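One chain, chain A, links the two complexes that follow: it is found with chain B in the first and with chain C in the second.
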Partner chain A sequence: MIKNRIGRTGLTALAIIISLLFLLPVIWLIASTFRTANETFASSSPLSWAALWPQHWTLANIESAVNNGFLQNLGNSIFVAGVTVVVGLAISAMAAFALAVIPFRGRAATFSIVVLSFLVPFEAIAIPLSQSFSQWGLSNSFLALILPGLGNGLAVFTLRQFFLGVPPSLAEAADMDGAGWARIFWSIYLPLARPALIGAGLILFLFQWQAYLWPILVVSNSNLDLAPVAISKSFGAFTNNYGQVFAETAVLAVIPAIVLLALQRFFVTSVASTGSKE
Partner chain B sequence: MTALPQSRQLTKRAGRSRSKRNLLAAAIFLVPTVVLILVLRVVPTFVAASQSLHRGIPGSIDAPAFVGAQVYAGLFQSPGFWQTLGQTLLFNVIVNPLQIFISLLLAVLLTRGLPASGVWRTLIFLPAAVPLAGSTIVWGLALRPDGPVNGVLQALGLPAQPFLTSPNQVIGSLILIVSWIGVGYWMIFLIAGLNDIPTVYLEAARMDGAGALRTFFSITIPMLRRPLLFVLVADTVSNFVLFAPVQILTNGGPQGQSNFLMFDVYNQSYNLSNPYAGSAELVILLVIMIAIVTVQFRLLGRGEDN
Partner chain C sequence: MQVHKGVRRWLIAAAVTSIAAASLVGCSSSGSGTSATALPTKLTEPTKPVTITYAGAAYSAADIKPVIAAFEKAHPNITVKYEADPFNDFNSILGAQLSTKDKAIDVFDVDMPRTAAYQARGWLTDISSVFPDLKSKVDAASLAAATVNGKLVGMPYQSSTNLMYYNKKLLSAAGIADPSSSPSGRMTWEQVGTDAKKAQAAGAKYGLVFDQIDRYYQLETLSSSAGGGPGGTGTGNLTPAVDNAGWTKALTWYGDLFKDGVAPRGVTTQETPNLFANGQVAFFPGGPWWAPMFEGSKDLDFGVAPYPAFAGGTAATPTGGWSLGLSPTSTHKDAALIFMKFIGLDNGGYSQYLTALSVPPSNLAGGTKFYDNAAFKDPRMAGVVSLMKSELKNTAILRLKTVGYVEFENIITKTYDDIINGADVKSSLASATTQLKSAWATYKK
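Let's look at the complex of A and B:
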């Protein structure tokens, strides 16, 4: 019994130490957002506890980010991710509904196209695709940034898994009453699917929020730069003012952290159904 | 008596018109997604495959000429290509098992019902929420000579390390960075899988007097095979196409030690204006990735009816 309790305390201590290891870089990032870059590196070489806590608080880094147009980059990212989530959810839910509920010939073949799409990762074909986009005259537009996020096989897959779990008797009863597929989709399946929609929405959101390679391939006009691209540009441009880079990264990290913390319950349930019940 | 076959005829006709109606409805529901997937995922794969069999002069108006396997032959004769391939494989052989192993340990630790497990889980998952480009840069700064990582080493009385600027340490440094980001993400999938294992099995094993290790290897691991396979495949695919950390921090260097295949595809296509070699490398990357994923399915997916 006593041995067991010691073991448990040890394991809890281990869990705390490991989480702190993951947390420390985040604390360092936030502390460095509110102090000068000189102070940041002075506190780490030689290392002191001040590395995790600013001694002279300042908002200069955030001001410098704002003055360099970071708000516009952030706005671009939010706009691209927002449109992707709304439009992407609509068309993914429609496709998932057809694949899960409507009996039709060629369903298996169509589903295999969807599965195929997430076996070939987008990054792998981004480079040849960007050459096609410039031939089609689509470079340097929001459309070019948004389009690749919309046809997301993983989102369709997640929603289809959920729709398969809805008792078919519901749709059959509505069918008897003469409701068309559109009405069955809209008034029976969609309202039930809220948790799955949140999970799929997160998949679509994170795809765009993380996007880096595709935006540098299709956008050369810096007004259209997404936030991660802007950060990497300021990292490359300044050899000294890393304060601004810290501030921009912190802002970019806080937004998805809030979204994920608020929705984590749904995210875990939806990935569970993706991973374990293929 | 004749009413019966007639009504069957009617149902049959109604059934045919219904199946036509279903097909139409399904088509309308599916068109946007299927067109996007075909145009944006499937077609570019074939474009790359076809481009890898051609060669043209950059900036010339002449159509690129079909040269068969010549571009591939050129790659196979170039020592740079073999170095790129070797480094890509070295990186992946280490990073994928390492990440999955740590994720699994963390997932097991955090499903033991310890106090405040949810908090630790969230903290470990947090790095996955930071966009890769951002966390890459933060780590790049943390690994500087005067950064906090070297600060810790020196506080412990160890010599400072060059990390990303040393040909011998660059792969290790990149593994550290992507693992800090990836481990918590994959852990969430494994926690979900562990929670799905019915507790009766674990209790039965305990009744039979099986120890913790024995239970882990004969009950937990076999029951966790599906999520484990999913995580391993998805992790492998994402590490083979890793791009942002290489482009932002090392540019393939020092001395080409981090010039992974994915980065070289980009470099060939955009900086060296050789999209044909880029496409050929892309095809090679896809083939290797598919081969490795197939092996993983064989090893872990054994006896599954999928």
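Let's look at the complex of A and C:
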């Protein structure tokens, strides 16, 4: 018993130490937001505790980021990611439902195409795709930024796998009660799929939140710049402003962290509570 | 989509290279890199409002603002839309944008060594007929960089030079006398290396750190000073010449700096100025544009000296900068050319309106204001103006002029990185030669 307790305490301590190690870069990033770039570089090598705690606090980096219009860029990123998540989830969930539940000819082939679509790195098709967007007159618009993020094969795949795990008897029972496919999707599958929807939503969110190559290719109007592009523009040929970059990167990293922390309890929710006794 | 960062970078590079290659194949069949559209021989001011789009990376939107404002004031019917691209990715993005024949871009920044490559891809316009007499107006190196096969294909507007900053406190701690700021007192790289080690032993964190730690712009000067040449020779400079005694000597010396810990591994070009600014580096060969940053570090006592050369070798300093290119697909060529003339020629050029300190303009008359900048009046920068003028006149060397420059720069940068990380110099240069031969084969057909 005592041996068990000691073992458990030891493991907990180990877990805490490892989590702290993972936190170090984040603390360093946040600390660097509140000190000059010179201080950051001076304290980072050799690594010392000073790297994690500013010696001379300053808000100059945040001021510089705000004065540079970073809030607008951040707003653009939030808008693009938000619309992508909402519209993308609707599309992906319907596609996944069709691929998992509705029997139709060519379903396996369609599914193979969906799987292939997310195995091809987006970067590989970004340039030809941007040329098409340019020809269609879609460049320099929010639509151009959002569209490629909507049909996400990985999100469809994740949701389909989840829908396959829902006992078919639920749909059969609804069918016998006279529900159509739309009703079965809306009233049975969607409410059950909340954890999977959150997972798929995160895939869609991160795709847009990290987007860099695509926004550069289709947007040249700086008012539409997304946050990662704005950050990279802080490095000119003859200037650099690391302090501002640290501040902007910290904000960019903290937002998805908050989203993840807020939604994490849903990830552990499982399908165990579906009401079926199979 | 989650792709590993390194993999992602390769994919981006591969995608961009393939599109560039495809567009090259596309235009090589036409045989000419320039537009068939006739250019106006006399520039006429538009009578109706016109907007031209200028894609650039040399300056941020904020820095270039006063220049554009001055232009729009002088030419009320022309509005300039400035699209700033991230500097680090500019060459790739521009390649992708121009190869789409994007009519949106009228004028764009051209990184000087890429002029021939852009010309071959059909992205530049021959503007010789509009500006026949630039020789008396811009410096010779800039003009040469903007000219391909006798044709002027860009408006050179900005040149550059380098010097060597040193940290007085770190040198005096090691008992090393301050170097002279006069070109006649130029140090040798060998001596700088020895002194750097001494300074390190006396407390400097790093002895010698190059500003552009793995870029050909700055490191070409080492192999040139050692007699190795720019890296290409023969017709069109398309025969690799990096596997020679000069390159081997220069890069062995450079690689040893990292092996001995005199220079740090794992540091990127963007980080090096901060290392000098916070007092960790004894010698820092770099650009004059860092002066305001260094002067801003109040505790930093530094001086400037001429860019060193190898013992027995020739003095070589980096130069070259940016030109403005006119897109053959531009539908507002008149207005675009008026803008190019304003930036490069009118009243001494763009630098008259630029408030941020940068680099010497190509315009010969426009240099006065640049050299008069407050940053050069700081006592720590004593002697810098006459030094820069002398270097630009006597020791400046351009980067390799070849249609295969894009591939050359990629391969050489990787070679520098390998050597920095400890790879054998001879085999790295042999490997670079093989890669260059294969990459340049396309242009030799």
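Here is the rule we go by: the second predicted complex is superposed on the first by the 225 of 278 C-alpha atoms of A that agree within 3 Å, B and C clash if a C-alpha of one lies under 4 Å from a C-alpha of the other, contacts with A are read in each partner's own complex, and residues count from 1 in each chain.
Keep in mind that, in the parts below, a contact is a pair of C-beta atoms (placed from the backbone, for glycine too) under 8 Å apart; a residue touches a chain by one contact, two chains touch by 3 or more.
This one's a predicted model, so the numbers in the text were calculated from it and none came from an experiment.
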First (chain B), second (chain C), both or neither touched by A:Asn38: second
First, second, both or neither for A:Leu159, with chain B first and chain C second: neither
Partner chain(s) touched by A:Gln131 [first = chain B, second = chain C, both, neither]: both
First, second, both or neither for A:Asn221, with chain B first and chain C second: second
First, second, both or neither for A:Glu123, with chain B first and chain C second: both
Which of chain B and chain C A:Trp209 touches, first, second, both or neither: first
Which of chain B and chain C A:Ala237 touches, first, second, both or neither: second
Chain B or chain C, by number of chain A residues touched: B
Contacts of A:Val229 with chain B and chain C, given as first, second, both or neither: both
Footprint overlap on chain A, where chain B in one structure and chain C in the other make contact: 41, 45, 121-124, 127-128, 131, 213, 217, 229, 232, 235-236, 242
Residues of chain A touching chain C in the complex: 37-42, 45, 68, 118, 121-124, 126-128, 130-131, 134, 139, 154, 206-207, 213, 216-217, 220-222, 229, 232-233, 235-240, 242
In the complex with chain B, residue positions of chain A that touch it: 8, 11-12, 14-16, 18-20, 22-23, 25-26, 28-29, 41, 44-47, 51, 91-92, 94-95, 97-99, 102-105, 107, 110, 113-114, 116-117, 119-125, 127-129, 131-132, 147-148, 150-151, 153, 156, 180-182, 185, 209-210, 212-213, 217, 227-229, 231-232, 235-236, 242, 245-246, 248-249, 252-253, 256-257, 259-261, 264, 267-269, 271-272, 274-276, 278
Residues of chain C defined as touching chain A within the complex: 1-3, 7-8, 11-12, 14-16, 19, 53, 55, 57-63, 83-89, 93, 96-97, 99-100, 102, 104, 205, 264, 270-271, 273-275, 277-280, 287, 289, 297, 322, 356, 358-359
Residues of chain B touching chain A in the complex: 19, 22-23, 25-26, 29-30, 32-38, 40-45, 47-48, 51, 106, 109-110, 112, 114-115, 117, 119-120, 122-127, 129-135, 137-142, 144-148, 150-152, 154-155, 180, 184, 188-189, 191-193, 195-196, 226-227, 230-231, 237-238, 240-241, 243-244, 247-248, 262, 265-266, 269-270, 275, 278-279, 282, 285-286, 289-290, 293, 306
